[in-house]
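Just below sit the structures, each encoded as structure tokens.
Note that subunit A is present in both complexes that follow, paired respectively with subunit B and with subunit C.
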Partner chain A sequence: MSGLEERQVLKARNVTVRFYTYAGVVHAVTGAYLDVYEGETIAIVGETGSGKSVFTRALTGLIEPPGKIESGSVLFRRRNGEVVDLLKLSREDLRRVRGDEISYVFQDPSSALDPLYTAADHIVETILVHRDVSKGEAFSEAVQLLRDVAIPNPELRAKNYPHELSGGQKQRVVIATAMANKPRLLIADEPTTNLDVTVQAQILDLLASLKGKYGMGMLLITHNLGVVAEVADRVYVMYGGRIVESADVFTIYESPAHPYTAMLLKSVPDPTRKIDKLESIPGTVPDLIDVGPGCLFAPRCPFAKDVCQRQTPPAIELGDRHVVHCWLHAKR
Partner chain B sequence: MSLNPLFKLSELALDGYVKVREKLSPGWLDKNKSKILEWKLTLYALTASKTGSTGILLVSITLFLAAFGPALAWEPYDVYPVLVNPELAGKCPYPPCIGGCRGMPAAGTDVFGRDVLSLVVRGFRISLVMSAVIVVASAALGVAIGLVSGYYGGAIDEALMRFTDIMLAFPGLVLAIAFSLTLRFSIRSLLLSNPALTGFFAALFALNPSDAPNIANILSLFLALILVWWPPYARVVRGSVLTVREQGFVEAAKALGLSTTRVLLKHILPNVMSPLLVMVTFDFATATLSSATLSFLGLGPQPPVPDLGLIISMAGEYFPERSWWVVVEAGAALLLMSLGWNLLGDALRDAFDPRSRRSMEVRAKLKVGA
Partner chain C sequence: MTLLRMVNVKKHFRVRGSLFKTLKAVDGVNLEVYAGETLGLVGESGCGKSTLGRLAVHLVEPTSGKIIFDSVDVTKLKGDSLKSFRRKAQIVFQDPNSSLNPRMTVFEALLEPLSEHGMLPEDPEATLVEHLASVGLSKEHLHRYPHELSGGQKQRVALLRALLLNPSFIVLDEPTSSLDVSVQAQILNLLKDIQRERGISYLFISHDIGVVRYMSDRIAVMYLGKIVEVGSADAVFENPLHPYTRYLLASIPIPNPKLARGRRRELIQGEPPSPIDVPPGCRFHPRCPFATERCKREEPPLTSVERDHAVACWLHAK
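Here is the complex of A and B:
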């Protein structure tokens, strides 16, 4: 098996996740791939239901029945330099990676903390599960982490229950918990969705500064293109459970190759211009139950050709790690 | 407002305990300072409300009588005065009397001439042990089944819940009767062949070890009740687990690498505790009443065992004009017990809910001396 490049933290290939529901088989993620390098911020962008959350959960096998990871490999370089395929690890080994080397921050801070435990309890628990330190040491580490995430009065706040914290503070505690073991990769699943705009900016700044401080890779899942432009180095665009385009952030904004990316960018209102009507993409997100061959975006695509309906588009390299999955760029 | 005397008392007890620990291992106090404060706050939260303090009072009376009642009781339960004293023939049950009792007990007697109050004081032991064992054992069984069923879902859930349905489909009391009748003989022979075990249970119920058949009856009764008692617990716990496991913090706990056992015991179980706690306390009362019902049907212990249910059912023959005092006294004991458990359960629920508890603590902080 081909290993990882230098400084590469994670390499996922051909990850496919399906959900076997009563209504049929949901093709939630099909053939998705991802590369993360040290100190890099990757953004995964897509509409609701595009499979971005499922994809990132699948990276560490966090898929519950009726969902099933059908295929794929997720190579990950551990702290000791060993390269492992996360999808082939035993449950117990995978559990040791989660929260230690790969950590998650989920979108709803109000439910991500157990109401029966204090802020410090959450952090201490995460530390004790993965490391052999005393409770007292873990607690002082927890206070230090709360200071790192810019919570005022960390000694006092450490003993607060979640309902005594504001939304922004809760998300900071969640981030501190995720950072507890200095992970090599932090996966933030829409970390700012339920926060108000000023707090959103603070949390993004915080994540960026933590990334610099601990030198970890960061995977940011969002549907906010403004956030992407602000913090990301490279962008993966997902549609209907597939990756449709990936490139560095400038290329995506300057010369999007996939019609979906282009339309997505156009639907972001430009504050410098007065407009009568907001742009939107006609049609709705595809139903992912029992999908056949063909491009899933074809029904909404203004440039759709015959071949788009019949055959799944191939991956086309446009150079400089810019990959697009679209027949428009296929050389005939 | 002065501090609750009940709180002062429990604080005194806690301080005494802390002193002992400190003496055994110096430095213990410093290490556990915040924990001790937490305990004190819990105690305060419990004693601050009228419900809580009344509940604690009644439950302590119950516990006290259950522990020391058999030693306090002034009459042996297995000597019938009517047989010893021929003069009493035809006069029992003897009504309560105040002054001019001519040697008869002031609280009245039952049909065998025994002092009812003395019997009731003894009766606390059996009632408490019965309800505690039934409720704790069946709750443990039901919680285990409910947790596993709700958390794993799928085929495991289906199998466990259909089995629970089967158990629920039978009328509980009828099933318990069947179980207790089939279990009784094997338990009886087990006890007869094993005097040490008999001695243990005799001491537990404060009965005479020669009463082995009656002890076997009691054991079969509560084994039978445990077997029919757990399904509602499994149902309630499963239902709560289904809502709790969808919460973000369960997913977060998994994503942080906690093991399944840890997620279940540390994050899910505590979050389904409040409905469970309320159910357990209510069941303390119901279990007592159910065992009394079975006693009444002749499936429990036989006379002379001082079981409260049995005492009441034996009075039935003469009810009301020649035995009302028996029913009132034994019934009051049952009422006291069940009321105490229910009030305590309500107060516990308030104290364990961080939302209501925190506001109590804020009020308490100054007084506790934090």
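Here is the complex of A and C:
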């Protein structure tokens, strides 16, 4: 196992997660990988059931039974320069990393916030768990963080309970909590999906400015290809629990190599253009219970060949860190 | 030809626990839907677009105003004539999980509206199988329960339920918001095909402006219970006049990284005020950088500025 490159924050390899349910074994994530460098925004894109959320939760061991992380390594460079494999850390050590050096923002701020805690309580708790400061110091940091996330009247708002805040403000409080210990990596799972477009644009701007200010890496999980085009530097496309393509954002949008990526992009209605006919992908996403061999996209793929049904496609490097998992690009 | 005309329609809800406060969900809307067209209705959550959709098919009683469908005021309809209106004006909701009864098979769910309106075919099973094909489903789906279908399939059933009665108007309230993009594209194309074949009018409600642009011939923009701008889709997108419409369009993420990064965008600050405390004058003035004294006092009327393009804003008043 090689270490991390310079300026690399995270390197995940061969992460496999399965869920052991009554209906059968769900192959939620199979052999997924990921690289994040300092100051980079990485997007993981996929539809329902693509495994994007499970994969990013597995990065810090956030998988509960009946789920199990079967294999993989997640190398992470800590603040002190030490490189650790997160999947080998004890629960106790992982807890020290989570909320401190790696923090999460989830989709629904109402369920991320405790209705009996004020905005400041959430931030203060996160600070006190990880750092040796007084309650008073933590509170003034909390107010400053609320100011950083552009909440008006932060001194007053700090004492508000979640029900007294709007949806956009709640998500700002969640982000302030995630930023409380200046993480090296922020993982945002559909952070703007429940918000209106005007508020979504505000939150995306906010995340970009925080990323610049703190020099952290950001991992954005979303199904919204518009959001990806706005903020991501590099993109990983997931389908059926596997990474099918990864490249820089311009390559993904301008010359996608995987048929799924290309078809997915064409099925998004572009608000800047008048479109006569959207292309749609026939069929539905695969059932991940007891999956067989072969490419999981083959049943919906207009270019599928015999080999696609029989064997899992290999990772093919197209140069410039553009990787595609598809037999169409394999050399004979 | 106008199929549906709303004249100064209002829907105010009493606020629980207060004698004097009302929530003005829809507050004086004038809007027309033409025969065979799709009118897109956009706005942020809480702007009243769903209430307006329910008013259009008379699912809620308006507080005041007229709703004229096929030259008849539907608010005055009763008995058989109301029933016949119900057949002609249908609605499809966002979440098929709550619009389909989990205890009814597809067959039962589809039979119900037909028997309710006395339109039962001689051989229901054979007829319904034919209809299933028209929305991309097949015989194998007929005796399934909703939980045995995917999200996209459920929405096709919900749509077919509305189509079976041969309506001339369907309100589509966020019909693809709970679906994945690849499936969304299938349903949107299906809706367009059906419209082309049958000439049905759609009122298409969505917060996804890309979807609305794809679907709509004309677009209405709603803010705090009022229509602030309405016009042909091209006019509203290429030449938005109301400051709110401009902000709304500027905040949509564009699925094209070069364009997305090339543009300079100004974002609107804050969030819409509550429809319980509607600002006086123009409702948008507290967030509008161009607001004048007049905007704070007088409410601008929706006025036509060019052919098929009207805006409610003092900046564009002659």
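In this section, the second predicted complex is superposed on the first by the 326 of 332 C-alpha atoms of A that agree within 3 Å, B and C clash if a C-alpha of one lies under 4 Å from a C-alpha of the other, contacts with A are read in each partner's own complex, and residues count from 1 in each chain.
Going forward, a contact is a pair of C-beta atoms (placed from the backbone, for glycine too) under 8 Å apart; a residue touches a chain by one contact, two chains touch by 3 or more.
Please read all numbers here as calculations on a predicted model, not as lab measurements.
Enquirer: After the subunit A overlay, clash or fit between subunit B and subunit C?
Expert: Result for subunit B and subunit C: fit.
Enquirer: Identify the partner contact of A:Ala247: answer first if only subunit B is touched, second if only subunit C is, both if each is, neither if none is.
Expert: neither
Enquirer: In the overlay, answer first, second, both or neither for which of subunit B and subunit C A:His163 touches.
Expert: first
Enquirer: Touching A:Thr60, do we find subunit B (first), subunit C (second), both, or neither?
Expert: first
Enquirer: State whether A:Asp196 touches subunit B only (first), subunit C only (second), both chains, or neither.
Expert: second
Enquirer: Would you check which partner chain A:Ala178 touches, where first means subunit B only, second means subunit C only, and both and neither mean what they say?
Expert: Touch partner of A:Ala178: subunit B, not subunit C.
Enquirer: Quick one: name whichever of subunit B and subunit C touches more residues of subunit A.
Expert: After superposing on chain A, more of subunit A is contacted by C.
Enquirer: Of the partners subunit B and subunit C, which touch A:Asp100 in the superposed model: first, second, both, neither?
Expert: A:Asp100 contacts subunit B only, not subunit C.
Enquirer: Between subunit B (first) and subunit C (second), which, if any, makes contact with A:Asp270: first, second, both or neither?
Expert: second
Enquirer: Mind working out whether A:Val237 is in touch with subunit B, subunit C, both or neither, as first, second, both or neither?
Expert: Neither: A:Val237 stays clear of subunit B and subunit C.
Enquirer: Touch check for A:Asn224: first (subunit B), second (subunit C), both, or neither?
Expert: Only subunit C; A:Asn224 stays clear of subunit B.
Enquirer: Nearest CA pair across subunit B and subunit C in the overlay: distance in Å?
Expert: 11
Enquirer: Would you tell me which residues of subunit B are touching subunit A in their complex?
Expert: For this pair, the touching residues of subunit B are 34, 153-154, 247-249, 251-259, 262, 266-267, 270-271, 354-355, 358.
Enquirer: Subunit C touches which residues of subunit A in the complex?
Expert: Touching subunit C from subunit A are residues 47-48, 166, 168-169, 196-202, 204-205, 223-230, 232, 249-250, 253-254, 263-265, 267-272, 274-275, 277-282, 284-285.
Enquirer: Which of the residues in subunit C end up touching subunit A in this complex?
Expert: Those residues of subunit C that touch subunit A are 44-45, 150-153, 180-186, 188-189, 207-211, 213-214, 233-234, 237, 247-261, 265, 267-269, 271.
Enquirer: Touching subunit B in the complex: which residues of subunit A?
Expert: That would be residues 57, 60, 62, 65, 95-100, 103-104, 106, 108, 110-116, 125-126, 129-130, 159, 161, 163-164, 174, 177-178 of subunit A.
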